[in-house]
Amino acid sequence: MIDVLYFAWVRERIGLAQESVETTAATPAELVTELAAREPRYAAAFADTSALRVALDQKLASFDAPLAGVREIAFFPPMTGG
Amino acid sequence: MIDVLYFAWVRERIGLAQESVETTAATPAELVTELAAREPRYAAAFADTSALRVALDQKLASFDAPLAGVREIAFFPPMTGG
Amino acid sequence: MRLSIQNTPFSPAAELEGFATGHRETGAEVSFTGRVRDDTGALQALEIEHYPGMTEAAISAIMAEAATRWQLLDCLVIHRFGRLAPGAPIMMVATAARHRAEAFAAAEYLMDYLKSRAPFWKREITAEGAQWVGAKASDEDALTRW
Amino acid sequence: MRLSIQNTPFSPAAELEGFATGHRETGAEVSFTGRVRDDTGALQALEIEHYPGMTEAAISAIMAEAATRWQLLDCLVIHRFGRLAPGAPIMMVATAARHRAEAFAAAEYLMDYLKSRAPFWKREITAEGAQWVGAKASDEDALTRW
């Protein structure tokens, strides 16, 4: 089980801010493939992962980083703070 | 007649903040030569003009700028504002 | 060092009161304030979403890096989230150092990293609806200078 | 735009109140404050001499140039002269622009030119006597980047 968080337009497209997911995905990229296969709203949110960022346990990571031991993963668009 | 102003250690060495000088000097460099010939305190202040700056009518200028028409000339060390 | 992520308004001027006092070596202080800009007069509000927990961790790490690189004597970051009116301060950074070059560089570094590495997302609200603000390539490019 | 050359103390925080308000295009404000630094604990006071008339003219020209180069929406310079205590603010600049790059560049430009082109001279007073502060070659060099 892993907590999956969505922010900004990713959250809007999926219609959820957070969910717990049962997965054997080894990387964020594999998790994206699983989620996109679920429903069109997920497929729409993950259509272009080059437009997305991912954080593992609240640290920016790459889509091919290992998911082993990670408790919280977040998907969001590039940040626009400041 | 030209008003001559001295600032910072130039003022201290000459012992004057301001004086009016009768001169036919064509440039600040010529005026420096005239003043340095007057007394040791002027010679001390003007010993190294590369350590000095000059302003003509309150604008930075070079030591070989024309003095014609200038009413106020000032000599001072490099500025240390800010 | 102080960091505040808050949904309440703040006054940059008031926050600067007392900043960096008590350090006799402080010669230079720089502050930056970002405000809700309304270029066209059509903006009703700016909504800012963030990632609680990661926001604080990411900005703390950026501040620690800046403090080390430029030997800062003090450092302050305030960033709002929630709904902001046009003209309102969004965020501010302040830096204190011995000399101006360090204070300026640290403030610009903090801003560049906050723009692209702190998990905030902005949405502009107008009469036509809501529009997510896109990240600018120039903001990402700005990081390459550090 | 506001310029004040004064021998009275000022509060940088208080001076920032109201700065750049009333411009809906303002997205970025930068302030710089220079303080009397006391590295050794031996400084009794800093005395600042200036050239009345030329000071105002020189700084006004620098501000006008900065406002043009970076399309500033507001600009403020305050500089003290006379006798200052350790820790006291010597001077401040503030700039307002649409984006942060312009506000930062204009503030740094103003500082670089104020350092080397505004007719101020500083003297440090300690128990051993008074010592004129020498100009730094690095301050003159800083102008070459503009």
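In this document, chain identifiers A, B, C and D correspond to the written order of the chains, with residue numbering beginning at 1 in each.
Keep in mind that, in the parts below, a residue touches a chain if its C-beta (ideal position, glycine included) is under 8 Å from a C-beta of that chain, and two chains touch if they have at least 3 such contacts.
Note that this is a predicted model, so its numbers are computed, not measured.
Participant: Select the chain at the greatest separation from chain C, using centres from the mean of Cα atoms.
Facilitator: Result for max centroid distance from chain C is chain B.
Participant: With chain centres taken as the means of their Cα atoms, state the distance from chain C to chain D in Å.
Facilitator: 23
Participant: Would you mind pulling out the distance in Å between where the CA atoms of chain B average out and where those of chain D do?
Facilitator: 26
Participant: List the centre-to-centre spacing of chain B and chain C in whole Å, with centres computed as mean CA coordinates.
Facilitator: 48
Participant: Please list all residues of chain C that touch 2 or more other chains.
Facilitator: Expected reply: 34, 100, 111.
Participant: Multi-chain contacts only, two chains or more: what residues does chain A have there?
Facilitator: Within chain A, residues 82 contact more than one other chain.
Participant: Every touching chain pair, please?
Facilitator: A-C, B-D, C-D
Participant: What residues on chain D touch chain C, complex-wise?
Facilitator: Residues 11-14, 16-17, 19, 21, 24-39, 41, 86-87, 98, 100, 103-104, 107-108, 111 of chain D touch chain C in their complex.
Participant: For chain D, which residues are in contact with chain B within the complex?
Facilitator: Chain D reaches chain B through residues 34, 49-51, 53-54, 57-58, 79, 90-91, 111, 114-123, 132-135, 140.
Participant: Considering the complex alone, what residue numbers of chain B touch chain D?
Facilitator: Those in contact with chain D are residues 5, 7-9, 55, 58-60, 74, 76-82.
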